[in-house]
Amino acid sequence: MPSTQNPPIAGAAVDPPSVRPALDDAAIERVAPAELRARLEALKSDGYAMLLDLGAVDYLSRKPRFDVVYHLLKLAPKPAPVAEVGRPARVRVLCGIDEGDRLPSVMDLWKSADWAEREVFDLFGIVFEGHIDLRRIQMPHDWVGYPLRKDYPMRGPARERSPRPAFAGKSNVVAGTPPSGRTFEALQEEVKRARES
Amino acid sequence: MSVGPGQFMLARLDDVARWAQSSSVWPLTMGLACCAIEMMTVTSAEYDIARLGSEVFRSSPRQADLMIVSGRVAQKMGPVVKRLYDQMADPKWVISMGACASSGGMFDNYAVIQGVDTIIPVDVYVPGCPPTPDGLLYAVNLIQQQIRQGGRGGIVAKA
Amino acid sequence: MPWWVIVLIKSAILLFVVITSFAYAMLVERKILGWMQMRPGPNRVGPWGLLQPAADAAKLLLKEDLTPETADPLLYKLAPFISLVTAFAVYAIIPFGASPSGAPWAIGNVNAGILLILAITSIGIYGICLGGWASGSKYPLLGSVRSTAQMISYELAMGFSLIGVLILAGTTSLDGIVHAQTRLWFFIPQFIGFVIYITTAVAETNRAPFDLVEAETELVAGFHTEYSGLRFGLFFIAEYVNMLTVSCLAALLFFGGWNAPFGWTAIPGVAWFVIKVAFFMFFYMWLRATLPRLRYDRLMSFGWKVLIPLATLNLVFTAIVVAYKG
Amino acid sequence: MSVYAKPLSADIVSRTDNTMVLSMGPQHPSTHGVLQIVLEIDSENVVKADPEIGYLHTGIEKTAEGLFWTQAQTAIERMDYLAPESNSLCYALAVERLLGITDRIPPRAQVVRVLIAELTRIASHCVWLGTHGIDLGAISVFFYCFDLRENILDFQEAAGGARMHPNYVRIGGLNGDLPDGSLPRLDALIAKFPGRMRELRGLLQANPIFQDRTIDVGYLSPDDAIQYGVTGPSLRGSGVAYDVRRAYPYCGYETYDFDVPTRVEGDAYARFLVRLDEMEQSMRIVEQARRRLDTPGPVMIDDTKVALPPKETIALSMEALIHHFKVISEGFRVPPGDVYQSVEGPRGELGYYIVSNGDNRPYRVRTRPPSLYNLQALKCIAPGNLIADLVVMIGSLDPVFGEVDR
């Protein structure tokens, strides 16, 4: 896939988790998308009451392309002093998924998955089946493209082709017409044109 | 060319107006990112922007004279900033606080508008990441100077 | 000289005094807040910041006057004037001192003075209600709804708290009430009434901790969110003039007006009056620097469930005592 | 892909006849930044609250992918701008794990890291308390808090060179030892702290209006808190004493003597008290760290592959010059692997999931932002309360939008 990144982002994609597991104290599991839901349900009923984090990684040239990473914490949902909490177990569940495939949503298991899944959808374009309100969360709702994918240019498609205007001499005398000629409308136009082409 | 009494009077009134506007610059309560914390700090005891008569932070854009763009302006926030600027009543001034607001700073990426001056006119740029409260105070001083002299345009608050 | 010329001159002097004192009340408030917060406060505009109020006023005057498209144009433009005119009108009957012969220093001496003041200040709140409603925007609307509720719950308790004073003085004219306090200031026999009055007065003038109407951190700027420039300034003026009014009333009704304490008559009566008013103004500023804001519904229940029953009890008790003593 | 995002409009909030939709933010004095909450209100009662975030999305994670390992730290500090050193500490710890040098960090560096992290926590809580006070209308608290914060920032500036983002904690240790004269300054701060805390407690804790505003407001049950992934003081306000410093100690936290304050009430007042207690506990740790600072020692790992060689050796040794040039011009390479490292930030468990593919830049830096998860709980606690309470709830969850949106 041609990339227009600037500066170039590290090239050869390997799958680091398969190279060197267990650098931290979390137990690591790799699950296929079909078994993901069942495995997470089992973990939940096993006492992993908190979904610490839900994120994704794009291994551009790997098959399957994305890893969705779940971090779970075994913490009982009741008031407890320090001694009782102790050192709750952590588990990391990795699930490989290809572009266009869908993952089951875990929003009904852990409510914290709501925004996390929306964020992964927004920035990676991974669709979670069963999420009740899957829409963009970080980017404007009419944004095109998924910025955290490796083939998405760092500065966005709109600006990546055109070098930014000279920095010097930037001042503005009258509202709306800075000497650089880039008003808000012009900027919007530029973005629109870039999106269409 | 002779100066008639009327013209003289007008000139004096203009001076009074400029003095009043420069002595009572009320900023808009609009915090964006890291710089917003330093913007808050400028009201605190050690810096005290109140000395200049500018501690009256107004939350309603209608009543504010000065917009301090304090932090990076995301693509999603850009239209909001523009709208707030449009909602402010004339005369109004803008300080672009910090590297991100002035130029995008270190975040030269898809998400950040590269300089708030692409969407609204800026009067004073303050460098720094974030600028110290002293820097912002100096910028407000420059704004006052600018109002008194009647000019508009991008000034960089260089120490 | 015809009588109306005298009234005009008196009014002009009074207007000047009130405007000056409100302007400097604003500056002093900013200074006092500053000192309480370990900072100097305004000190660059003119010597010691003395020209700050003038600069603020001139700036507001020169600021663009916006009218939102959704606003009701007539009421939107009228509302600040309602607030302002009623705020100033009260001073027509407030006496500041007395000549040696006993005649009060006031523009007009009205028999039913206290009632007139209550009536006029009640109209003032319409400025806030109408202004908020006519802005055609949501935050001002919420602000004006709050002000309506606040008006209903607090006017009543305030009125009740004053009746005790009226019973003791046996008159409704303001200089009569002051004369009745030559021996004993009413805040001693009417202490509960005084506390209720001070509380409701803060609520009436929408000052912290009862500043719900413009609660900045909840409703952006409350009822005047959409106002800019001069009209916003008028609301501002009205607020401070009202603050001055309730301070004057507190001094007149409970602190003996221009009567000197402990027979210290070396200082003239007017000066005593000013000192007392200044004390109450300081009290307001102190409150603002110290207390968090009450919640809207708590304010209502505080008014209805605490203040009004208390004021009623106070009233009944006073009436019984006065009737018993004959 | 045919899934399109729905635009934000009034119709996403279900409305009945009696309600109106009110947009609170993104510019609102008490949303603590650029949060927008689309409220459905019935007079002043909140029927439904839908927080809309992303107004400060900066793409820091993407930017970090394009920078060297050490450079990325600069961008990462800008996430949680109230506690920048917690971010850099967590990131540095994670990268140290990937490099396998965790055990070789000099002890003095660890002590200073603890010191800086705890001072940062106090400074962050100062900003929280000040703004929380302002939200409630108690304006003076703000000034006393910022005065204390100013002292901490002065210390930080002396140590790292900048007030807010000093980038003092580095991969492998610290950017230089504490400068001369900073320990007396620290002692003065330690001496000043209890008095200031008494003032702050006096102004708010026993104030009946403040109690009235915060007690029983924003009740978050332990069950809900864990469901929503709430951590930090907000979770401990609900009674669960989960603290990363105790559960997964780092930087030698297991050798410090401190309590983990908890409350079982779960309301805004409980969270307020937990944070105040936490400030005092942090000061306890600072005092202990201060005592350990009397013994001098190195503050950077003795490994010129990762750390810059000492400045004075560069002019004398060819090898040092080469190492210096290599580290500056192309950074260092980190063996491939992935790691999840978390620290207890002022807002809760701040975690970094970092993937390295063996290059000199991070392949992926995923943050576990405590504010994002804490703020989500707002959807649970907001309905059924007044707008005035909503302000209290946002304040008591203490979100920082640099971190929520990144």
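Should a chain be cited, it is by its letter among A, B, C and D, assigned in written order, with residues numbered from 1 in that chain.
Assume a contact is a pair of C-beta atoms (placed from the backbone, for glycine too) under 8 Å apart; a residue touches a chain by one contact, two chains touch by 3 or more.
Fair warning: this is a prediction, and the values are worked out from it, not measured in the lab.
Using CA-based centroids throughout, the chain positioned farthest away from chain D is C.
Chains A-D form the pair joined by the most contacting C-beta pairs. Chain B and chain C have centres, each the mean of its CA atoms, that are 35 Å apart.
Mean C-alpha position of chain A lies 21 Å from that of chain D.
Rounded to whole angstrom, the centroid-to-centroid distance between chain B and chain D, based on C-alpha atoms, equals 29 Å.
Counting partner chains per residue, chain B has residues 44-45, 59, 75-76, 108-111 touching two or more of them. Shown for chain C are the residues that touch two or more other chains, namely 37-39, 216-217, 220.
Residue positions 138-140, 143, 147, 154 of chain A each touch two or more of the other chains. Applying the touch criterion to all chain pairs gives A-B, A-D, B-C, B-D, C-D.
The touching residues of chain B, when paired with chain D in their complex, are 28-34, 36-38, 40-41, 44-46, 59, 61, 71-72, 74-77, 80, 84, 106-112, 129-130, 132. If you check the complex, the residues on chain D that touch chain A are 1, 3, 5-8, 12, 53-54, 57, 59, 61-63, 65-66, 97-98, 222-229, 238-243, 246-248, 260, 262, 264, 335-341, 349, 351, 353, 355-359, 361, 363-364, 366, 368, 372-373, 376, 380, 405-406.
On chain D, the positions that touch chain B within their shared complex are 26-29, 33-34, 54-60, 62-63, 74-75, 78, 81-82, 127, 130-131, 142-143, 146-147, 149-150, 163-165, 401-402, 405. Within the complex formed with chain D, the residues of chain C that make contact are 33, 36-39, 138-139, 142, 145, 208-209, 211, 215-220, 288-298. Interface residues of chain C, counted against chain B in their complex, comprise 30, 34, 37-45, 49, 51-52, 54-59, 62-66, 216-217, 220-221, 224-229, 232.
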